[in-house]
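Structure incoming, see below.
By letter and in written order, the chains are A, B, C and D; residue numbering begins at 1 in each of them.
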Amino acid sequence: MIVTLQEAVAEHVHDGDTLALEGFTHLIPHAAAHEIIRQGRRNLHLVRMTPDIAYDQLIGSGCVTRLTFSWGGNPGVGSLQRFRDAVESQWPHPLEIEEHSHAGMATRYAAGAAGLPFGILRGYIGTDLPKYTSTIKTVECPFTGEVLAAVPAINPDVGIIHAQRADRAGNVQIWGLLGVQKEAVLASQRSIVTVEEIVDELPEVPGAVVLPSWVVTAVCHVAGGAHPSFAMGFSTRDNAFYKAWDSISKDRDAFIAWIDKHVKGTADFAEYCESVGI
Amino acid sequence: MAEYTTDELMIVNAARQLGALAAAGKRQCFVGIGLPSTAANLARRLYPIEPVLIYESGCIDSKPTRLPLSIGDGELAETSDAVVSVPEIFAYWLQAGRIDIGFLSGAQLDKFANINSTVIGSYESPKTRLPGAGGAPEIAASAGSVMVIMRQSARAFVDRCDFRTSIGYGDGKGDRERFGLRGGGPKWVITDLAVMEPDPDTCELIVVALHPGITREQVVAATGWHLRFAHDVPTTAEPTEIELDTLRALQAA
Amino acid sequence: MIVTLQEAVAEHVHDGDTLALEGFTHLIPHAAAHEIIRQGRRNLHLVRMTPDIAYDQLIGSGCVTRLTFSWGGNPGVGSLQRFRDAVESQWPHPLEIEEHSHAGMATRYAAGAAGLPFGILRGYIGTDLPKYTSTIKTVECPFTGEVLAAVPAINPDVGIIHAQRADRAGNVQIWGLLGVQKEAVLASQRSIVTVEEIVDELPEVPGAVVLPSWVVTAVCHVAGGAHPSFAMGFSTRDNAFYKAWDSISKDRDAFIAWIDKHVKGTADFAEYCESVGI
Amino acid sequence: MAEYTTDELMIVNAARQLGALAAAGKRQCFVGIGLPSTAANLARRLYPIEPVLIYESGCIDSKPTRLPLSIGDGELAETSDAVVSVPEIFAYWLQAGRIDIGFLSGAQLDKFANINSTVIGSYESPKTRLPGAGGAPEIAASAGSVMVIMRQSARAFVDRCDFRTSIGYGDGKGDRERFGLRGGGPKWVITDLAVMEPDPDTCELIVVALHPGITREQVVAATGWHLRFAHDVPTTAEPTEIELDTLRALQAA
């Protein structure tokens, strides 16, 4: 249950898998994304509401052939350069996209977590999204006749999140902005959770949710593993890194050099931290 | 009289509108990061009846002491009355009609206040791939009213958006009703040059106020459709010292 | 916003209203039920997953003509005698019932809270419930063709709950077993919350949820107002009362005498407590 | 040899089955109040690999130190790994297929293990109005397997339930598959007289074990359908001192 991140990725993440590395600005599992790049996974279908730097790195590294998402940007900074390059110029190869709204993606994860084949929402009406996204359909209310948007459940092969704590049995505790991380884990066939610390007993924390060990496949101790994102109670968001990423990622060669040096050129997250000086 | 930028003018005017809405009981404001968040946080500091800030990251009644860079800054969660999951914020709060004002921006805005934040050019072979929809489609559909804040230019204010990411008035008056949308749609578009509102007869955006020192010709030149003006087009009030000092202190923190 | 329970019921609860006094064993708003009996409301449509003693009292007192529910019993004891008498012998008058499962009721409240006209679930299959309950229909998944149960949203006129705390602005804090109380308040047109205490500032409590003042219509300070149910952190469940209720309620005259003496014969919840000796 | 009641015999046998299931990795048990809760809490105390108790009030992995009278006793919440809302426990946990064993009881059980907890007599003019469905319909549908614990009598064990509140095997083998149910259905019915299991060929309940001192004739007399017996019908083991002492301590606390 409690293994190294290398072991967890080696065992549970396969070429061609559908992965959701979730995190809504808070608790983004960057260390896990790096390990997937290091282990050279290919043909991944990535799913996430808010693909940001971690997904930019995976896309630029050629791991990804398909992306399902609702907002792909560098929050507070601007574009995701590698994502744009993949969509606009097919570099390093074409990226198929499936595009939704946040409300639609949240509904899809919730349906996946609930074992339903689809979910319903008042959504997408009057927008161009249904023209290009085949996974937006409609369903009629059998009571009122109203027509609502219907979206299929998301059930990734692997759900990957970063959390604050686990106990030695593998029960996971997470607090602060919770995003769709609980749903992502519950909707997935397998799940990997990196945590800031592993403790004997989980102390009570206001606003915390607990994921029981029996819905988690692997827990990995990776302190700081969300960086440049943050873990409430352990770190703050490294806004400077988000801004710096814009120039690192703008140029293909600069991006490759950065990945080669700091991700592929390091053995694990601890070496990565040393390499980038955090 | 104080010096100020056109961005400051835009933000101050948006904050004033939010303040007036809050005073009229329209307090719940669903806020995006960037210009909307800046204006909403300014309004919170300027007016005795504060807007209630709700962020799509699940923060309800957030009272940040400094401007968040991202929608998920720790500051937002720590200063909120309640933090809920993302599925909940969209289902129980936005979709259920609990939001008075959706506060949006975008890359393109058209004459019926539809917004594009998806692509410039064609969807299949975009000239520029933008971040995408985020929360905008359902904010634009379900919020009681929508306020838009955007820097004005002929490239951004277009006759028809390359992609309709979120709906304003669709192809004109009556479309929202035909679609069965529950929210009232965009009521105010605040730019760095002017304030626009939908013409009650056509729902096409028309200029209802100009910022100090801005001419009709400047606004027309910065608009990609044949722009019309309301019968009376007053000039918005100059930003006050208090407004500017508060805004600058907020941005410096 | 903060008013007496008498004022809240007088202003917000009308004859013919649909009411949900929710509580899942924990935090049942008994004091509010008593006040509704005192004020003599009639033709109420009561909604609740687990109608128990409070609803037995309202039904026996003749306030109710319709009940929507999923489990009507005295938890851990047995039957609800007044409910049974109304269904089996139309006393004090006929009671129309609309019967669901817990999963269906929970889905209905969640749909109501979310502003959707209906909700979907894997439910009711192979049971006799759809034969007798017209609000169970089906809908087909537009992606997989699977047929799922569909149930209409519940949107009561008034949602009534008991909670641990409110602050002076009317923000409500509730923790422990949460049931469907949040959904019941959010699904309702108006809401009344009785609380154990009103404080200047809500302290953080693990597992607590907060209902902002702007989704609550009235807050009433009624310490102990859940009795014989309980409020975690303030009281424990009065299991003896639940057991005693069985004999009080078995006989119509004994029931009437009890209601006359302890509910109709008292001015408010404080007098009730004195009257029943708690 | 210790004295014991038939209720104790029934509860001990149910706990043994739960213990065996937990040892085989089937630990997550969705528990109703009354006999199921008593047996599940006994199993927690008797076996090194404990069942994980999940209550419909939202308690996940509850470890009560005393038997709860109701599904919502404070004790359940205070000793749980997680407490979630009622909509969540049914949607994310039961419906999603995370429950290995649904543990039910009822007022009537028929030969295909369908359960009635709604009415005795007709629905419109019931002889006895029972509490109703509660969580049972979806527990019976979605749990990996279902265990039933019920006191046996000819009035309760009927050829056909007056009302089908939750489904066992419907009208016989193949019905669950036809309905598309994801759970496996009732696998064990533990009574105060015997243990029954569905016949693999017909899904009709047959006696697979008798409790000590109980005769075939007694079980037949307490069954409202033409009861059949498995080829071998062993006698269940006498309750041990440890089992009885643990159960009595639990019930006394």
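In this section, contacts are C-beta pairs under 8 Å (C-beta built on N, C-alpha and C of every residue); 3 or more make two chains touch, one makes a residue touch a chain.
What you see is a predicted model, and the numbers here were worked out from it, not measured in a lab.
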item: Common touching chains of chain D and chain A; value: C
item: Chain pair showing more contacts of the two, C-D and B-C; value: C-D
item: Where chain A and chain B are represented by their mean Cα positions, the distance between them in whole Å; value: 28
item: Chain centre separation in whole Å, for chain C relative to chain A (CA means); value: 40
item: Residues of chain A touching at least two other chains; value: 110, 115-116, 121-122, 146, 183, 207
item: Shared interface positions of chain D, touching two or more other chains; value: 91, 95, 142, 182
item: Pairwise touch network: line, ring, star, complete, or other; value: other
item: Partner chain C, residues of chain D touching it in the complex; value: 33-34, 56-59, 68-74, 76-78, 83-87, 90-91, 94-95, 114, 118, 123, 126-138, 141-142, 163-167, 170, 175-176, 179-182
item: Residue ranges of chain C in contact with chain A within the complex; value: 115-122, 135, 137-144, 146, 148, 150, 152, 204-208
item: List of chain A residues in touch with chain B within their complex; value: 24-26, 49-50, 69-73, 75-77, 79-80, 83-84, 87-88, 99-103, 106-107, 109-110, 121-129, 131-132, 146-147, 176-180, 182-183, 207, 230, 232, 236-237, 239, 242
item: Of chain C, residues touching chain B in the complex; value: 110, 113-116, 171, 183, 186, 209-212, 214-215
item: Interface residues, chain B side, partner chain C - complex; value: 27-28, 52, 60-61, 81-82, 91-92, 95-98, 142, 182
